[in-house]
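Shared between the two complexes below is subunit A, which has subunit B as its partner in the first and subunit C in the second.
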Partner chain A sequence: MKRLLSLYGIAFFAFVYAPILLVVLFSFNANPINMMIWDGFTLDWYRLIFGMETSVTESSTYIDTTPQLYSAVRVSFTVALTTTAISTVFGTILALAVARYRFRLAGLYRALLMVPMIMPDIVLGIALLIFFITIGMNLSMGTIIIGHCTFLISYVFVTVSTRLAQLDLSVEEASADLGASPFQTFRKVTLPSIAPGVMGGGLLAFIISMDDLVITYFIAGTGNTTLPIHIWGMLRRGIKPEINAIATLLLLFSIAVAALGLYLRSRQK
Partner chain B sequence: MDTDQNRAVTRTFSLRGLTSSPFERGRTRQTDDVSGFNMPAPLEIIGAHKAFRSPEGATVTALDNVSVKLAQAEFMTLLGPSGCGKTTLLRTISGFETLDAGDILIDGKEVTNQPAFRRPVNTVFQRYALFDHMNVARNVGYALEIAGKSKRDIQARVGEMLELVGLEGLGQRNISQLSGGQQQRVALARALAAKPKLLLLDEPLSALDKNLRQKMQQELKTLQRELGIGFIFVTHDQEEALTMSDRIAVLANGKIQQLGAPDALYTKPANLFTADFLGESNLLPVAIERGVATLADGQNFPCSNESAKGTLLLRPEVLRRTAPSEPSLTVQGTVVASYYQGKDCLVDFESPSLGALKANLREFKSLPERGETVSFYASTSDLHVINEVSS
Partner chain C sequence: MKLSDRKTWNLRALLAAPTAFLLIFFFGPLLIMVVYSFLTPGIYGGVDWTFSHLNYGRILGWADTKYEKFDPVFLWIFLRSLRLAALTVLTCVLVSYPAAFWISRMPKARRNMAIFLVTLPFFVSLIVRLFAWVLILRPTGFLNQGLMGLGLTSEPLEFLYTDFAVIVGMTYVFIPFMFLPLYASIEKLDSSQIEASMDLGATRFQTFRKVVLPATLPGIIGGSVITFIPSLGNFIVPSVLGGAKVVMIGNLIEQQFLSARNWPFGSALAMLVMAAVLCLLLAQLKLARTTEERA
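Right, the complex of A and B next:
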């Protein structure tokens, strides 16, 4: 039984990680035409991304899209950082409001806040597009940010709410009892206590925003290509080996963000 | 006498000087006289009313016309069954509940409508409510940090407080690294750090085991005497209340049933509730006529109560096996059960004329057997008649 379980474990990890490992492996493959055939180790695809000298020559089969890549990265970061800031602040405030103040329909309110999380991306994308067109808003980076915020606030709301539910209310009373004004209590007791939740929600929002393709695709308009849209575009023009390098870098970045989150959380304790 | 009072006054003033800074915005309504010798009561509650709406829509009266005045440096206990309003009363003093009617004065200043953070009282919470993202020292120094004291002052005071509660050297510990008893002490040190005029304690010992609990009872009492500040202590443990308090307020259904010194409450309760709630009791109806009370079995004894009917409180421990030389009552019955308890022995017996009774014997040669016929005596000076009959 034990052996079966460990076999299952190995199979599971292989299933999950093999494709990712392949991408990482291919990003070092020198073969420019067919990445399934190993043609020796190279860092060319990374050099290409960073605009360095490479042995890859431009030809009819290969067009350098590095400038577009840079622009996409810039757009993605701008969008992700802005949405993270906005949705973290508003998601946290909403979570506090729902947890702290008893008002009629609080349950309904809570349920409505969950909806964007379970709503299919494609529905949300279409709905947002129609909404922006109806109110006559031109598609821009602004619409991407608004669109991302609509569902990322929900993610932050949920992570912060979970944390708040574990927080003993009497701790806030103790703070007031010791002379702290409501604002001081918030800053010195409530916020530090829910900080891991706020941070977790923020990181989640950042990663989801960086990664979103479907919704963004509907509301990006032209000229606001985010990294996922750019990669999608590259794929449609044929898989180019540098995609593996981009994917590997994205992977590294995500791991770094997650590690940062874990580190900050452990330092909290 | 005079010098004593003088010292007390200077002490209070220095306490005030330290506590007032974060709280000084309160309205002032001094009730003390100008000479300064007659200090205002640390706490005065006048006609407090508080009702809650239960989720089912019914109205629950948690406080019903409660009036209390605390004396200087008094240890007062709020005692009563679950749901009688003890916590509610404490929370209206600390400012977490607002009164529907009535007034609260702390140290002579009206605070009825002041928010909790402006009131110069501190609380030891039942489940401690320590800040677990801060270490012990920061917990203890929190009130001073909020009041904007300098780092050096805070550090000095925190050291002092930790020493006071016997936690020297544990300042850098995390809360999770402390035992329950130690957390209790941190909560106490934290509440005392800002030198409040009045300390509120909501069942602070209920989470501790029996030995630790008794130790803490003594320590708290000693601490209160040394600090010379008022304590309002909530408990539903009557023994705890009897040992620790200067006065006990017995609460039931949001009303103060009786307020008085522990021995007075125990030996001379004013009503049936107090008699029954404090300790064990035999309650026997009596008819009173011209200064003589008569029991159901015809025995009588002198009684100064005015009413025509009353209830005799016969504490189990006033019953003895040997007839005293002074005038006494005799009760006879058949033993139903007897329990050996080490230093004493509890006897349940059934009297044909007076019903089920219990006796608590300190001196006994042998345990009365089940079915044995026994006689007990109580000297009439140990009797107390309550002007109330059970319905």
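Right, the complex of A and C next:
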């Protein structure tokens, strides 16, 4: 029984990781027609996405999409960084207010802040689209940022709240008793102790914003393609080997960010 | 008195910006969507500001005008989405449960590593993960090449653009959602209870059904709810892996907004999804209350 379970466990991890590893493997396959047949190791697909000359670029049907890719990366980073900044500040403020002040609406806040997290993203996407058009706001990078913040504030709120719940209130009280102003107490006592939660929430917001497809799809308008939408567009035009290379690079990036999060968490313990 | 006054002011100043932001940009849009679902679609896209219940009538059965006619296909697509979401939840449970059980019996250091490895794909771009499945399932893909190599089939089978592909894709994407709540409840399982049950002569199956399953039910329910909600309204997985053949309610909503340009009808369809989600959450709440009362 035990051996059967271990065997299953290995199969489970194979199911989880094999598809991803397949993409990485194919990104180095020289065969331009059939990815399934190994035709030797190549870095051509990586050279191709960075606009360098390869065997494919000489063909007459080749269209250089490097500028679009660069633009998509730029839009994605701008959106994700701005979104992370706004939602981290707002989420942290809300978490502090709900945890540290006793007020009548605290329970309501806690409940309502759960709503964005369980809202199906297509519903939020179309609701935002209708809203922006109705109030006459042009779809732009700004609308993408607003759209991402509406649900990422909740993620930061939850992460910081979890951290606040583990903290000892008496340290803050001691600081106030010893004559520190509320701002001093916040800066010297509260903020350092919630820092891991704030950073964890911010990192989560960054990753989700970088990866969001559905909400961005509805409110991006034309000319503000983010990286996931760019890849989706490429996919719809046909399966090409260079998608493997872009996917692999994106994969490396997400794993690096996730590992950074884990590292920060382990250091603060 | 003074101190508490200042506290209230601090609080108001703190809450003002985020509260205003969420009221305007989260609850505002939802409200407008509800309003739109009761308006008349304009002839050239856009919307006429006159009340209409026919958007719901088209879905549920009472609309019979020339342009707004009841068509059972909408309800049928909705039911099919419910079915696909339910099947996704079922596969997620079946795939994750033994794995969560296996990991919960590991030594602590390895356990943490294993949990990290299960959740890591959640951080990997969704579109990359779905692309991987396109490579596996398409006619010249990995799975077909493997099956033909083994001589199990002489020509490629159609995996891509089927219900099967959509369920596999959604299962793959939502495994972390199911795994974590499952693991949390399995880890709390008291192994002495299992031993007692076995010592008293229960078979493995009886022990599982009478001891293990009831104790881990909260995890199964929690995981099922948070897997079901994003599955039901999903439109990326069916558009990448289901193509035009597997249309879910999410694809239907998308069409109303980006090609048919009938926003009121699209809003009504979205309200249908919201209603289903709400019913599910209420049922979960009620279930949690009754189990609490029993305990």
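Everything that follows uses one rule, which is that the second predicted complex is superposed on the first by the 259 of 269 C-alpha atoms of A that agree within 3 Å, B and C clash if a C-alpha of one lies under 4 Å from a C-alpha of the other, contacts with A are read in each partner's own complex, and residues count from 1 in each chain.
Note that in this section a contact is a pair of C-beta atoms (placed from the backbone, for glycine too) under 8 Å apart; a residue touches a chain by one contact, two chains touch by 3 or more.
Treat the numbers as computed from the prediction; the structure is a model and nothing was measured.
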Superposed partners subunit B and subunit C on subunit A - clash or fit: fit
Which superposed partner A:Tyr101 touches (first subunit B, second subunit C, both, neither): second
C-alpha centroid angle, subunit C to subunit B via subunit A, nearest 10°: 90
Touched partner set for A:Glu173, first subunit B, second subunit C, both or neither: first
Subunit A residues touched by each partner, larger count belonging to subunit B or subunit C: C
Partner chain(s) touched by A:Ile122 [first = subunit B, second = subunit C, both, neither]: second
A:Val257 touches, of subunit B and subunit C: first, second, both or neither? second
Touching partner for A:Val189 - first (subunit B), second (subunit C), both, neither: first
First (subunit B), second (subunit C), both or neither touched by A:Asn34: second
Overlay on shared chain A, then closest C-alpha pair between subunit B and subunit C (Å): 7
Subunit A residues contacted in one complex by subunit B, in the other by subunit C: 182
Of all residues in subunit A, those that touch subunit B in their complex: 168, 170-171, 173-182, 184-185, 188-189, 192-193, 268
Touching residues on subunit B, where the partner in the complex is subunit A: 22-23, 94-96, 115-118, 121-123, 125, 127, 129-133, 142-143, 145-147, 190-191, 194
Residue ranges of subunit A touching subunit C (in the complex, touch as defined): 1, 5-6, 8-9, 12-13, 15-17, 19-20, 22-23, 26, 34-36, 90-91, 93-94, 96-97, 101, 103, 112-113, 115-116, 118-124, 126-131, 134, 146-147, 149-151, 153, 182, 207, 210-211, 213-214, 218, 227-228, 231-232, 235, 239, 243, 247, 250-251, 254-255, 257-258, 262
Of subunit C, residues touching subunit A in the complex: 7-8, 10-11, 14-15, 17-18, 21-22, 25-26, 28-30, 32-33, 36, 95-96, 98-99, 101-103, 105, 116-118, 120-121, 123-129, 131-136, 138, 140-142, 145, 172, 175, 204, 226, 229-230, 232-236, 240, 250, 253-254, 257, 263, 266-267, 270, 273-274, 277, 281
